[in-house]
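The structure appears below as structure tokens.
Should a chain be cited, it is by its letter among A, B, C and D, assigned in written order, with residues numbered from 1 in that chain.
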Amino acid sequence: MKTDQIAQLEPSESTGRIEAFSDGIFGVAITLLALEIGVEEYKGATDANLLTHIYELMPKYIAYINSFATVLLMWLAHHQMFRLIKKPSNGLMLANGLLLLVIALVPFPTKTVGQFIDTDAKGIAVKFYTGYFLLVNFVFLLLWTIASSKSKPLLHAFASTEIVKAVNRSILTGLLINFICFGLSFINPWLGVTTNIISWLYWMVAF
Amino acid sequence: MKTDQIAQLEPSESTGRIEAFSDGIFGVAITLLALEIGVEEYKGATDANLLTHIYELMPKYIAYINSFATVLLMWLAHHQMFRLIKKPSNGLMLANGLLLLVIALVPFPTKTVGQFIDTDAKGIAVKFYTGYFLLVNFVFLLLWTIASSKSKPLLHAFASTEIVKAVNRSILTGLLINFICFGLSFINPWLGVTTNIISWLYWMVAF
Amino acid sequence: MKTDQIAQLEPSESTGRIEAFSDGIFGVAITLLALEIGVEEYKGATDANLLTHIYELMPKYIAYINSFATVLLMWLAHHQMFRLIKKPSNGLMLANGLLLLVIALVPFPTKTVGQFIDTDAKGIAVKFYTGYFLLVNFVFLLLWTIASSKSKPLLHAFASTEIVKAVNRSILTGLLINFICFGLSFINPWLGVTTNIISWLYWMVAF
Amino acid sequence: MKTDQIAQLEPSESTGRIEAFSDGIFGVAITLLALEIGVEEYKGATDANLLTHIYELMPKYIAYINSFATVLLMWLAHHQMFRLIKKPSNGLMLANGLLLLVIALVPFPTKTVGQFIDTDAKGIAVKFYTGYFLLVNFVFLLLWTIASSKSKPLLHAFASTEIVKAVNRSILTGLLINFICFGLSFINPWLGVTTNIISWLYWMVAF
């Protein structure tokens, strides 16, 4: 479809519907994380062994909480980023589409780490998990790089150089933290996960 | 991201997008409750044994209806609470995020009670279920405590001391009822569940 | 929460957020219908036997299309009903909640009929399916009865007696058709399903 | 319900709620695509064999990315099409409903191709997949044919003949590309999939 032609006719079209669509995908992805958690039906259930089964899911709870918190922070960052964006370009739409693609797949590394962190495969499970969030952060950086590029003025006038730099710093800090988590998971899987949890606790307080 | 800086630039930003995002998670979580309910395909199906299978799911129907009603009431309470809130603070956003985290996980205790209430594990299943809703109520209390704290004026001017007190009473009553349900489930599992059902029937009429 | 008190403070609050929330549940429920459809992975797959497997899912396709069309028509009816409603009452909210509860569970009778219509359990499967939609129609009638009751003026001024009567007729016709489908499924399961399909095809054309 | 009567009373009712509902279904369907991807829990997990398992899911990743990109492009096209539409007719609503029905079912051909492309059933799997998107394109053509028909003026005044022709060309090009993908999958399954991927990469750049 000749986007440009149509876009010229209705210049007032802002980022509203993209934000709503993105919110929908963030919201469904974050809720689907919970689907993995449950105790399968089994014969001979007693209070004692059901309690054990509920306790044994601990790695899944941690993975769930960690992914939920991370996606929620990303939604907040996405939300604030789009408040600075005046109008979408095609490149921005595509980068946003790529972000949604990786966000929608967060349940995959989450269930992988939840299932395998208490097995001998914990090394790969955690590297995959922390590496995946590193990838998500790179896509975030790509999105912001397109949004804030000087050649195409996509930002609102109130997005001063100072604000753009603050957002840059914030994204690069996020990338660095994720890179450290990824690196630490090569030394010790639990270290990688623990650093990940500490990192979003820090973000939430520093926010 | 420097929230405060950005927030100052667009003070008109209200709670709209948070509410929409929260509604999305409430809506998806409540709909996913139904996913657990179904009769697996099996060999030698006849009218008689299919009917039996449909009947045998009764504990799951009760758990579904009970959780659906509870989450729906919580959505209504969340809806009314946010009508009193003028603007979100970071603390409010985080407390709301924590609420969404526990709401999205409601399918887990729901399917646990639905699967195990007719087994010898009914004691733990019901304690887990009623205890989980007690936890959700505590998060609700936390959210409202942050929203209504006097040091940060987050509420609309029309939210008079009288209204704030009415909401306080309403949340504390909810907590008390859930605490009673939790307590009764230590005496008898069915008593805990029945009280839970009676409680939201009461809320709906008293509403 | 003291709804009435709060409601008085913000009388302009209309049905917007309830409609959005209802739309969300209709939308998720209708999309989850598709989750049941799939060919399980199996050993020794060839073009010929995969084609057979895809063909063998025919009852599930029919059940999916039938439920999708029915829920979509109900969403349209819900949409039009709420255009006539000025403001929600507590009773209306609860009836709407009940409607959402039964709509969210539509995947259950849908997968039941899809799985068992080609077995000896087809009788119960179809009675359950057509009976379930009869139930949904009753809840719709309840919702409209509350919305259009003369004692509480919930409708817009432009909802004349003539329009109210037209909606009444439309809902009662829906109920009658569903009752016939339910009745016919006692004579012959396929007759019940076929009538069901014909009925929404008719609605769509007559719409 | 007497749509015409009600519609006359509120002529201002535009396509807003239909778009929001459609967005919801597009969003949930696109997010559910990710649900199929995961490594099942298994005994004797080690770093080496988990890595192998993650690699072996490659066909599913490709299918996921391909379907995600395709549905996202369709959402964009849907979005732009509805910007040209002033008000919905019943026929348009039904064609849109049919589109949502086929969009919601995209996870089915997606998981079929992901599961069977590395088996001897790859021929049927790919034909089914590419053929399914051909079907979706036909429904898109139907929707636009109804929207742009001259007898019923559903389009905004700014939708000039030139714009309508541009949209026509764009949809017919899409159809042609999908037809080629479908045709090539008869020669070689991998050729069909590769062309499919190239086609949306092209669309994204040409967009």
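What we mean here is this: contacts are C-beta pairs under 8 Å (C-beta built on N, C-alpha and C of every residue); 3 or more make two chains touch, one makes a residue touch a chain.
Predicted, not measured: the structure shown is a model, and the values here were computed from it.
Visitor: Quick check: superposing chain A onto chain D on C-alpha atoms, how many degrees is the rotation, to the nearest 5?
Guide: Copies differ by a rotation of 90 degrees.
Visitor: At the interface of chain B with chain C, does the proportion of residue numbers present on both copies reach over half, so same, or stay under half, so different?
Guide: Counting which numbers both chains contribute, under half are shared, so the two copies meet through different residues.
Visitor: So the centre of each chain is just the mean of its C-alpha atoms; given that, what is the distance between chain C and chain D in Å?
Guide: That gives a centre separation of 25 Å.
Visitor: Find the geometric centre of each of chain B and chain D from their Cα atoms only, then give the gap between the two centres in Å, rounded to an integer.
Guide: Chain centres of chain B and chain D, defined by C-alpha means, are spaced 35 Å apart.
Visitor: Mark out which residues of chain D touch at least two other chains, giving numbers and ranges.
Guide: 20, 24, 28, 32, 35
Visitor: Considering only which chains touch which, label the overall pattern as line, ring, star, complete or other.
Guide: ring
Visitor: I'd like to see which chains touch which, written out pair by pair.
Guide: Here the touching chain pairs work out to A-B, A-D, B-C, C-D.
Visitor: Chain C touches which residues of chain B in the complex?
Guide: Touch list, chain B to chain C: 19-20, 23-24, 26-28, 30-35, 37-39, 41, 45-47, 49-51, 54, 64-65, 68-69, 72, 75-77, 79-81, 83-84, 158, 162-163, 166-167, 170, 204, 207.
Visitor: Over in the complex, which chain B residues touch chain A? Could you list them?
Guide: Contacts found on chain B: 1-3, 5-6, 9-10, 13, 17, 20-21, 24-25, 28-29, 32, 35, 90, 93-94, 97, 100-101, 104-105, 107-108, 111-112, 115-116, 119-125, 128.
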